[in-house]
């Protein structure tokens, strides 16, 4: 329960954290459980084959969930709070794809101890699949 | 695999869909599994008690995941695609809270068959906990 | 927590709801977890190869679980209760198969606000894999 | 991969198998994932409080899934196949309830090596919550 942390004052532009994970069928199944989202392109392979995607794709917010990890890793434990997140879903993510999420400090806002992160997810071919920004606060 | 759907042309401002779900400890556990986010305020009750929240809180993107369901419900099956999502995390969500997600058509963009949804999550006391907008496309 | 619903009086013979989902290995794993059923033909690929099925097959009640979704979708939220279910397991379901569950009103019983649904699951080749009936009640 | 089994010829009326399990919130969450069933009485505690049940209840087919285990245990590994199952849902099951499933041989049908099992689930107060019959075949 004791955590060493990085205080707000120690952050610099360009600090970053990354996390890579292979998104499998099990992830789609469990995200459907959490979200209640059973949209056909995520759960029905036969239908998904007939779409422009050619097969089932991950829910956008499932891929984006990896940013929850990198935002926290970048803030370091503990005392960080997420205030806002923007997301653009740029390319489909398929079961079996390995996604690298990255959060990077792009603005430091001393008032209220806030920071802006660029948050992005790329696939195993280096293609950007999710892009956006996070607004974070560091209490300690 | 046969889906009846609501075509883009049939949508009107004010159309909406809602989904309510009680967020339990199991949801926090599985979201930590999917996202890789084990930030202490989500997984360490002893630590979380010492924060201004007074206990573990749900990951913001876990609460927001319910919007994945309501965006899909509002688009109706099939042919919907999420292009972008903005989120503001306004209040903590605790295990045991019942969250009602709501997606509502606030703009119809005939070019490229797109729509803008207001997307919000409220708790069982009617307090807004997540607010934002989604940009969606309806292929069919 | 506010639900619009379809009252019992509005139901007609032939009303139906369908849900399609690809059954993956993760589904077999989680159903084994929930049910405690680790019968070899479901969990032991090496053994399952030696049987007349030629590989692992889904638990019959896993396939049938999709009828829980379509019964609820057909009843519409809220106020529906399942009273009984009969099931015949007609063909094996393999990981990777896409199952379409269908519930259809075949009898309306005004006394006690009950209905009988035909409930069936077909695979991606249109073969009936599970067949049966459900007895449902609609309180509201 | 080597299984000792009980051949069809060794079965007698009254042979039985039981399995007890506490149904938790996590079970409801995962069953929602498998089945796609997010009916409010299973996932929305605030709504469920307003119903005659007074709180969330388990999906009937979730409780019944324990019979998949006891049917398999009674058949003994391997060579058993489920052909049919009937279920009556008699009482609600709440998160925290401990359910004992029981399968018992009530008929032996030498032709085609089949048996009929009585299949029942009782709660921790000894109340019958699910009742029905299974038709099983034992290949070996």
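Here the chain labels run A, B, C and D in written order, and each chain numbers its own residues starting at 1.
We adopt the following convention: a residue touches a chain if its C-beta (ideal position, glycine included) is under 8 Å from a C-beta of that chain, and two chains touch if they have at least 3 such contacts.
Since the model is a prediction, treat every value here as computed from it, not as a measurement.
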| item | value |
| --- | --- |
| Chain of greatest Cα-centre distance to chain D | A |
| Same or different contact residues where chain B meets its copy chain A, judged by the half mark | same |
| Distance between chain centroids, defined by C-alpha means - chain A, chain B (Å) | 15 |
| Whole-Å gap between the CA centroids of chain B and chain D | 34 |
| Set of chain B residues in contact with two or more other chains | 1, 19-21, 27, 30, 69, 98, 124 |
| Footprint of chain D on chain B - complex, ascending | 19-22, 24-27, 29-30, 69, 96, 98, 124 |
| Sites on chain D touched by chain A in the complex | 29-30, 32-34, 36, 38, 43 |
| Contacting residues of chain A [partner chain B, same complex] | 1, 3, 19, 21, 27, 30-31, 33-41, 44, 46-47, 51-52, 59-62, 64-69, 71-72, 75, 77-89, 139 |
| Interface residues, chain D side, partner chain B - complex | 24-26, 29-30, 38, 40, 43-47, 56 |
